[in-house]
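Take a look at this one; I'll ask things after.
Going by the order they are written in, the chains are A, B, C, D, E and F; count residues from 1 in each one.
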Amino acid sequence: MTNTERPTALDLPQVDPLPPETQRYFDICVEKLGMVPNVLRAYAFDIDKLNTFTALYNDLMLGESQLTKLEREMIAVVVSAQNRCFYCLVAHGQAVRALSGDPVLGERLVMNYRTAGLDPRTRAMLDFAVKLTDRPAEVEEPDRAALRAAGFSDRDIWDIASVAGFFNMTNRVAAASEMQPNAEYHGLNR
Amino acid sequence: MTNTERPTALDLPQVDPLPPETQRYFDICVEKLGMVPNVLRAYAFDIDKLNTFTALYNDLMLGESQLTKLEREMIAVVVSAQNRCFYCLVAHGQAVRALSGDPVLGERLVMNYRTAGLDPRTRAMLDFAVKLTDRPAEVEEPDRAALRAAGFSDRDIWDIASVAGFFNMTNRVAAASEMQPNAEYHGLNR
Amino acid sequence: MTNTERPTALDLPQVDPLPPETQRYFDICVEKLGMVPNVLRAYAFDIDKLNTFTALYNDLMLGESQLTKLEREMIAVVVSAQNRCFYCLVAHGQAVRALSGDPVLGERLVMNYRTAGLDPRTRAMLDFAVKLTDRPAEVEEPDRAALRAAGFSDRDIWDIASVAGFFNMTNRVAAASEMQPNAEYHGLNR
Amino acid sequence: MTNTERPTALDLPQVDPLPPETQRYFDICVEKLGMVPNVLRAYAFDIDKLNTFTALYNDLMLGESQLTKLEREMIAVVVSAQNRCFYCLVAHGQAVRALSGDPVLGERLVMNYRTAGLDPRTRAMLDFAVKLTDRPAEVEEPDRAALRAAGFSDRDIWDIASVAGFFNMTNRVAAASEMQPNAEYHGLNR
Amino acid sequence: MTNTERPTALDLPQVDPLPPETQRYFDICVEKLGMVPNVLRAYAFDIDKLNTFTALYNDLMLGESQLTKLEREMIAVVVSAQNRCFYCLVAHGQAVRALSGDPVLGERLVMNYRTAGLDPRTRAMLDFAVKLTDRPAEVEEPDRAALRAAGFSDRDIWDIASVAGFFNMTNRVAAASEMQPNAEYHGLNR
Amino acid sequence: MTNTERPTALDLPQVDPLPPETQRYFDICVEKLGMVPNVLRAYAFDIDKLNTFTALYNDLMLGESQLTKLEREMIAVVVSAQNRCFYCLVAHGQAVRALSGDPVLGERLVMNYRTAGLDPRTRAMLDFAVKLTDRPAEVEEPDRAALRAAGFSDRDIWDIASVAGFFNMTNRVAAASEMQPNAEYHGLNR
């Protein structure tokens, strides 16, 4: 097993010392999550990049939206499953387990979301995210119509697309850099 | 042809009036580019989302990096070609034409970058971006080693991955929302 | 950029001198188009091959058919886009721009024909051509029925298939030989 | 089983009576092959189309070339196997059996040419034809270099590409029209 | 052509002498089929493995089921066609020719089952087997519903899946070991 | 979530009462594993089918072989990951966690085995299993040579292929029948 201190396979050391605001942010992570997620440590070679990344992450995953946090995490997992991104499957699989209180749901989304017996609204949302991931050029008006028929507004469609798009970005940054998830995720919420 | 005033197929009207700082930014766009790029108009239904998007865009495409702006735009185009994203091919194909002064290069990258007779360094960069787009799960150490052999540093690899990842995000937001490029792009730098 | 006098990467020099009839044909090309298309120069190493090629080309693209010349060129472009054939996209993308008077239509067909807001008849025609290109083994009676429902006759279906088939041939001859489109095409009808 | 008199699923009746020259050609087919191949009957709704098709076929498959007739038929079969074209596999599978005197070779090329224990030259030729069929956009100089290393000239490369391209055309015309091979082929040269 | 005495490319010699019961089984094969199928010779390096394989084969292909033996062989051929397994296409293509008395049907299933003009029940069965082969993760309740609508019971669905699954196993054992079909198959039932 | 007593979506009730030998086998399962694996309950509608299945399973996964039990389970997981088989990933992912004592290894093989930092021998074994799963028609002598170079014997190659083939079968039976893994697996060995 790869087992290094570095969060990625790239030699990009963290700014040292971290600026006070970043250090406070990392301290809060430790306090709340028991760790600094490695994706943050990976970006911390450049504080501006870290800040733009966390601003986008926080807006999409924690910000105001009609999508619940669990729904956003479910999109994160199915997109990452299509792309087979180890980092994101571990981190966001845990988030699905935690937010849903259903460890099996987390496994199903990682392994094959079609087996999860989802309600039609959730299934429509994830089918859209998966098609957008695998065949973006073929997404057209009928795909949006299917979301509207399942009860989603145009703003919801934007949010679904934005979260699915975001993980198509981070899956690739993680793959390119061989980003390692924190070991703590594996055992949580099983 | 779809020919609407809205920048996307989604009913997400722009904040009206725009906050003064956003209005100034849009005015500068008109002054410098002759238009407000529709991607900015699309995000302007929520100024926080617009600002996080532009912060990331500006960091990746205009910020400090050993990759030239042309190199970053070349990555944008080949990623968008794999995903067949109309918006990004039009906008960033124009950017390649403008920055390179070579209209045929822009066409080659849109149509099939393998025909472009690229120098080995550029070819290695674009091969990495294309593999990362099409088969992210198969990117491994030998792929990074190929970039290092072509003269790229670990920081460069991060930047290549980040730009490739970013367009894998925006291609999908554009596809999901049927984002329309400004008509002005088509005729420029031919 | 590859920038050679030869129309392909193969060392197959043109018959010299050309037979009078061929020379006249090439002279007419220069007069009408401002150039001898490189595909003709490529075949001119063997006048019989040149003549059988041009006979087929002229029959399919210029001969009597219920398909308009623009419709045939649209098929040429979407087939060549699936196959990512640089030569054919450049030459027939220009033809679409010229025949339609709509430069954006040419771009849309090159980049992603699904974004072109096509009328149902044209869309059915191009969907058939794309499926025939990508998954010929799966074309069956319902595919023909869809064309008939869109108003096409059995003769039209033959013509659509023949044009789509022809570009599946020429795309591959162009790819195998690295055929270079004439530089003149790029700037025309923008 | 579909079992009709028409050579295709399209209602395109043969010119009646056939022009004398065409009738003579068909009579020669019956005399030499015991049948008029259905592809000729299919094109005979338009004698000009029939003639341009047969001219190209005869040039490529029977004309002067350093490729043997068997080599050209082998290309026909492996291309048609990739495209799963029933008409061409039946007709050209029989041709391989007849020309090689090796019924098993015909079966191997239909089913999986990689199992045929081919000499390196033949294997290189068929690998090129298969890549050109499946991934034409990825054919580049190293692919041509592999053919040259296997002993092929630039003219041979043109001929391999032309035959492979031709069957990528006819496979699609046959698929689109549901062209039926003559029953006689099945039992020959087993 | 590969032309060896060994049934596979692996050096796994048959137990010598065979146990009496195995020898009797092989003698019966020669008596009834004119040969010992090479798949049995391949497994005969380990009699327990041979016996577990033949027990499963006999249960699935010869045992009690509402699927006819021809239907099971048709599944065998279309699965093997998707996987391009030379051994299984030769052996089970012959079985389809023998059981159906229709040599052309055998060829159609080998080459492209969609051209075989099958009745809706048989087509539904083979479509299910092909989807299960190519995209098992996407098989869901509507796929089972389509089989039930075509007249199949839940037990029939189990049997279809088991036969399709079995050939997905044997295709891979044959491919991995380069298993050679007995020459006798080729000429039978043409 | 689907949450039924039946082990599959098919209405195939277990033989009732079970024959004494089967009942004893199931009792041993409960004693040793704490459950009767649902795959056994699924096959128990027909005791002969159950017995042929378990005979093959036991021979391949528990029988004499130079491959360790962990190696066989690793093959099971990577094959099932390619096919996205929920049942097999849950059951055999747990087996990898148990046999290796390394929960993260189990996760890595489920999510993307390329990230697992495997030694070259194990990697070669799994690369072969994955290629055999995804592109069986392209497995040839060089693939076997790579296994031999990694230290595997011809018998080992047979065993790798047999295990990989077996899970290509069971993945499809599980997918076709929507087989549900026992809930107990999820929490074990985390």
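Just so we're on the same page, contacts are C-beta pairs under 8 Å (C-beta built on N, C-alpha and C of every residue); 3 or more make two chains touch, one makes a residue touch a chain.
Quantities reported herein were computed from a predicted structural model and do not represent experimental measurements.
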Chains in contact with chain C and with chain E: which ones?
A, D
Could you tell me which chains make contact with chain A and chain F both?
B, E
When chain D is superposed on chain E by its C-alpha atoms, the rotation angle in degrees, nearest 5:
180
Relative to chain D, the most remote chain by C-alpha centroid is chain A
Averaging only over C-alpha atoms, locate the centres of chain C and chain D and give their separation in whole Å.
22
Based only on mean CA positions, could you tell me how far chain B sits from chain E in angstrom?
51
Measuring centre to centre with CA averages, how many angstrom lie between chain D and chain F?
44
Numbers and ranges of chain E residues touching at least 2 other chains
84-85, 112, 137, 140, 178
Taking the top-of-page definition of touch, could you list the pairs of chains it picks out?
A-B, A-C, A-E, A-F, B-C, B-D, B-F, C-D, C-E, D-E, D-F, E-F
Note: in the complex, chain D contacts chain B through residues 137-138, 140
Chain E contact footprint on chain D (complex, rising order)
1-3, 81, 84-86, 89-90, 102-105, 107-108, 110-112, 115-117, 178, 183, 186-187, 190
Within their complex, chain C touches chain D through residues 9-12, 45, 48-49, 52-53, 55-56, 59, 63, 83-85, 128, 132-133, 136-137, 139-141, 143-144, 154-155, 157-158, 160-162, 164-166, 168-173, 175-178
Spell out the part of chain F that touches chain B in their complex, as residue ranges.
112, 114
